[in-house]
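Next come two complexes, and both contain chain A; in the first it sits with chain B, in the second with chain C.
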Partner chain A sequence: MAQLEIRNVTRRFGDLLALDDVCLKIETGEFFTLLGPSGCGKTTLLRMIAGFDAPDSGQILLDGKDLADTPPEKRPVHTVFQSYALFPHMTVAENITFALRMGHFTQSEISARLHASIEQMRLTGKTCKYPHELSGGEKQRVALARSLIKRPGLLLLDESLAALDARLREEVQVELINLQSELGITFVFVTHAQTEALALSHRIAVMNQGRLEQVDEPSKLYGFPRNRFVAGFVGHINQLGAQVLESTPGRLRLSVPGMGDIVAPAQASSLTGQAGIFSIRPEQVRIGIHDELAGLKNHFSGKIQSVLYQGDVSVYRTKLADGVIIEALLPNSAPGRARLFEIDDTVKIGWRHDAGIFFHD
Partner chain B sequence: MTERCREKYLVAGPPFLFLLLMLAVPCVITLIASMSYPGEFGGLAPFISKDTHALHGLTLETYLFFFSDFIYTEIFIKSILMAAGTTLICLMMAYPVALLIARSPKKRRNMLVLLVILPFASNFLIRIYAWMIILGPQSALSRLVNGILHMFGQAPVHLLFSSAAVLTALVYVHLPFMVLPLYTNLEKHDPALLDAAQDLGANAWQRFCQVTFPLSLPGVFAGSALVFIPVLGVFAIPEILGGTGDMMIGNLIKEQFLVARDWPFGATLSVMLTTILLLIAWLTSKAGAIHA
Partner chain C sequence: MHDRHPWLWAAAMAAYAFLYLPLAIVVAYSFNDSRLNVEWTGFTWHWYQVLLHDKNMLVAAGNSLLIALVSCLISTVLGTMAAIAIHRHDFKLLNFMVMTPVAMPEILLGVSLLLFYIQVLHLTLGMLSVVLAHVVFSTGFVAIAVRAALAALDERIFDAARDLGASPWQSFRHVTCPLILPAMIAGALMAFTLSIDDFVITFFTAGVGVQTLPLHIYSMIKTTVTPEVNAVSTLLMLLTLALIFTAARLAPDTLKGKY
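Right, the complex of A and B next:
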């Protein structure tokens, strides 16, 4: 039995359909992420699990029990809020022990748990400080400690890394993964940052306009997006308008305006004559100067239009003869060289016949 | 001193001097008056007199007189209790109102605040006289109260000219002064804090006691000061609505100057009142600073 089950949950705000018949099962000990652009309904769903909002129809079950009549303060579910929502008039110790002080815990139990929590979260020496005296990372750890002190079965994290700077965010990501596997508590994490979702999660649910687009492991989600939205939202991708010329088992021949014919892996449902979008990841596109790409089924001539140097990798935008632009991502393995190709270089680009995905309309 | 700095002093200087003069000079005059002898026909006796038998110079006689008769201390204590009571009732009545305004939709808040300060649009004395009519022996309210009392075989009561009438009007007049600072404070609270408290298991009462109230303490102190201080010096309301036993410090001071024509004693009472108020203001600001 799944620990948390979302059963046909629908929620409307006026004319806006915030959640549209959402079904989801989250297993015990999972690091599960709700990923989507702002306004996709992910925060609404999280608030429903916490109890701050109720579905118009459908059910939310925790350990098989319907939560509909359980107010937020009675749910064994705790939340790490986006802005942390630390109590500004309480010290770190008072913040962390809040949940225990609201319940029936003995003083010795409270101080024992506080002690363990302070140690685990590396907050030694900070117990008497007030939130405004803490750094961003410390605030984040206090918020985590506060939500974990009562040992909930389920921890909700609402954009909890958004307030941290990039460097710290990476550190906290690692800490979060370690903490989650150490505690074995189910984490439900909400974010709009796809890199964060890919790095942290066991499974990700991509949401758009109140619907679940795809629920999968990060690598599946990235490698085999189910539709154009998921392909475009998770990672970068080249999208080209195309039409199916020929559909054979295992292989599609597509006509792309401005490029001619390309060969792509088959989708079961694609029929000859169908129009759609061919998508290919920039790191699957190769670039060569001579005819080293001649062996590939798909190869074209073009000119480098721009180069974005990013340190570890560079993104090359190549303009093909008929104006189509293809992005390619190449690692900068030779140190000290900012780019492998210069702007206006005439190059060949190409990719394997089994790379890319065709989404019909 | 840099150019910018000098500019700042030039701009802030005149109003500051004005305030200082209007505060300090009357204080000094009152202090000196309190230590003077009364004049033969009211006013103050001259400092220097050719007649060596006449009273002149400075004395602490009025202060000794104040403490020689307990009635004055009693009026002070009663006034302080009345002001404290008014403050407490105002706080209890204003808190729900302020909370309601702070938690109502943003576009409705300004309208609600306007409603709170709307009574200021009519004259203070007219509002007090209105209470005379509301509480008068022929008023619907008096008849209702006495009708009910009669049903239970109790003797009829006078609502007007009583401590209750004074307290009612004091609360009525000063309620907005409590609502406004409380609202200003409560409106700034981050609603996520209440969500967090609830999420961590706090019920509605615990959320109020642990989060809302402690965070609102600066507003509570500011509102209390704005109510307590003017109420302690009030004289019109007890004069119009109070009975003979409802004299407050303000009435006592007025009596000394206008009826008894004892300026030094009136000044002494004023000095004592100001001292008490400064002491309370200082304590409040200290308490407020701790919680800010």
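Right, the complex of A and C next:
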């Protein structure tokens, strides 16, 4: 039995359909992420699990029990808020022990747990400080400690890394992964940042306009997006309008305006004559100057239009003869050279016949 | 700035003089060794001694303090409750109803309360009617102060309290209340100050039974103006200033500095 089950949950705010018949099962011990653009309904769903909002129809079950009549304070579910929502008039120790002090815990139990928590969260020496005296990372750890002190079965994290700067965020990501596997508590994480979702999660649910687009492991989500939205939202991708010329088992021949024919892996449901979008990841596109790409089924000539140097990698935008622009991502691993190609270089680009995905309309 | 705009500086000084000179003169003449407020004849504590032995004055002062204390307590509780309700539920009508007495001309409020007490409630005018009247106009001030404090807080901390297992009462007791306490005290001090020197509304709602300090001073002025009036005015001024000063220090803005 799944620990948390979302069963046909629908929620409307006036004319807006925030959640549209959402069904989801989350297993015990999972790091599960709800990923989507703002307004996709992910936060609404999280608030419902916490008990701050109720579905118009459908059920939310925790360990098989319907939560409908359980108020937030009675749910064994705690939340780490985006703003952390630390109590400004309480010290770090008072914040962390709040949940225990509101319940029936003995003084010795409270101080024992506080001690362990302070150690685990590396907050030694901060117990008497007030939230406004803490750094962003410390606030985040206090918020985590406060939500975990009662050892909930389920921890909800609402955009909990959004307020941290990029460097710290990476550090905290690693800490979160370690913490989750150490505690074995189910984490439900909400974010709009796809890199965060890919790095942290066991499984990800991509949401758009109140619906679940795809629920999968990060590598499947990235490698085999089920539709155009997922392909475009999770990672960067080149999207080209295309039409199916020929559909044979295992392979599709597509006509792309401005490029001619290309070969792509077959989609079970694609039929000859269907129109759609051919998508290919920038890191699957190769660039060469001479004939090194001649062996590839798909290769074209073009000119480098722009280069985005990012240190470890560079993004090259190549303009083909007919104006189509293809992005390619190449690692800068060759020693001694910052860029492999310069703007206005005439180049060949290409990709393997089994790279890319065709989504018909 | 005042180097560049001496005229601006002068205008400001003139305005302050206009505001505070009369007060300064009242204070100065409370120490004047003469029955008349006309010329300075020498320093004395005499009028403060007269004041201490003036039974009517002391009774009036006692009434004023009692009324201010009771009405300030009631309006602090009501104003805080109203502020929380307005804040939490975006309760526009309640907001309007609580704030209106703040903006209403006192004379209108006084007359309408008088008519209401006599014609509708058939209430004998006295302490009770004055206290109720003061609650009516000071509740709005408390509500304004508390609402400002609530608006400055992160809404999510109330969710966080419940999320961590606090019952609604625990959440109020441990989170909401300590955070709005400075604003509640500021509001209470404002209510106290407004009550203790209110004349117009008290005049209409006190009847003949109760004498408050402002009413008594007014009646003294009608007969003879002795520096005793100056002395009591000075004391009242001191009390008011002390309360305003305390209220300003506890005002909701200080929350931001503290937390």
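We take it that the second predicted complex is superposed on the first by the 359 of 361 C-alpha atoms of A that agree within 3 Å, B and C clash if a C-alpha of one lies under 4 Å from a C-alpha of the other, contacts with A are read in each partner's own complex, and residues count from 1 in each chain.
To be clear about the criterion, a residue touches a chain if its C-beta (ideal position, glycine included) is under 8 Å from a C-beta of that chain, and two chains touch if they have at least 3 such contacts.
Remember, it's a predicted structure, so these values are computed and weren't measured experimentally.
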item: Overlay on chain A: chain C relative to chain B, clash or fit; value: clash
item: First, second, both or neither for A:314, with chain B first and chain C second; value: neither
item: Chain B versus chain C as contact partner of A:132, first or second or both or neither; value: second
item: Partner chain in contact with A:103 - chain B first, chain C second, else both or neither; value: both
item: Touched partner set for A:208, first chain B, second chain C, both or neither; value: neither
item: Contacts of A:79 with chain B and chain C, given as first, second, both or neither; value: both
item: Touching partner for A:50 - first (chain B), second (chain C), both, neither; value: both
item: Shared contact residues on chain A - chain B and chain C; value: 50-52, 71-74, 77-79, 81-83, 85-89, 98-99, 102-103, 146-147, 150
item: Residue ranges of chain B in contact with chain A within the complex; value: 190, 192-193, 195-203, 206, 210-211, 214-215, 291
item: Complex contacts: residues of chain A adjacent to chain C; value: 50-52, 71-74, 77-79, 81-83, 85-89, 98-99, 101-103, 130-132, 146-147, 150
item: Residue ranges of chain C in contact with chain A within the complex; value: 153-154, 156-157, 159-167, 170, 174-175, 178-179, 259
item: In the complex with chain B, residue positions of chain A that touch it; value: 50-52, 71-74, 77-79, 81-83, 85-89, 98-99, 102-103, 146-147, 150
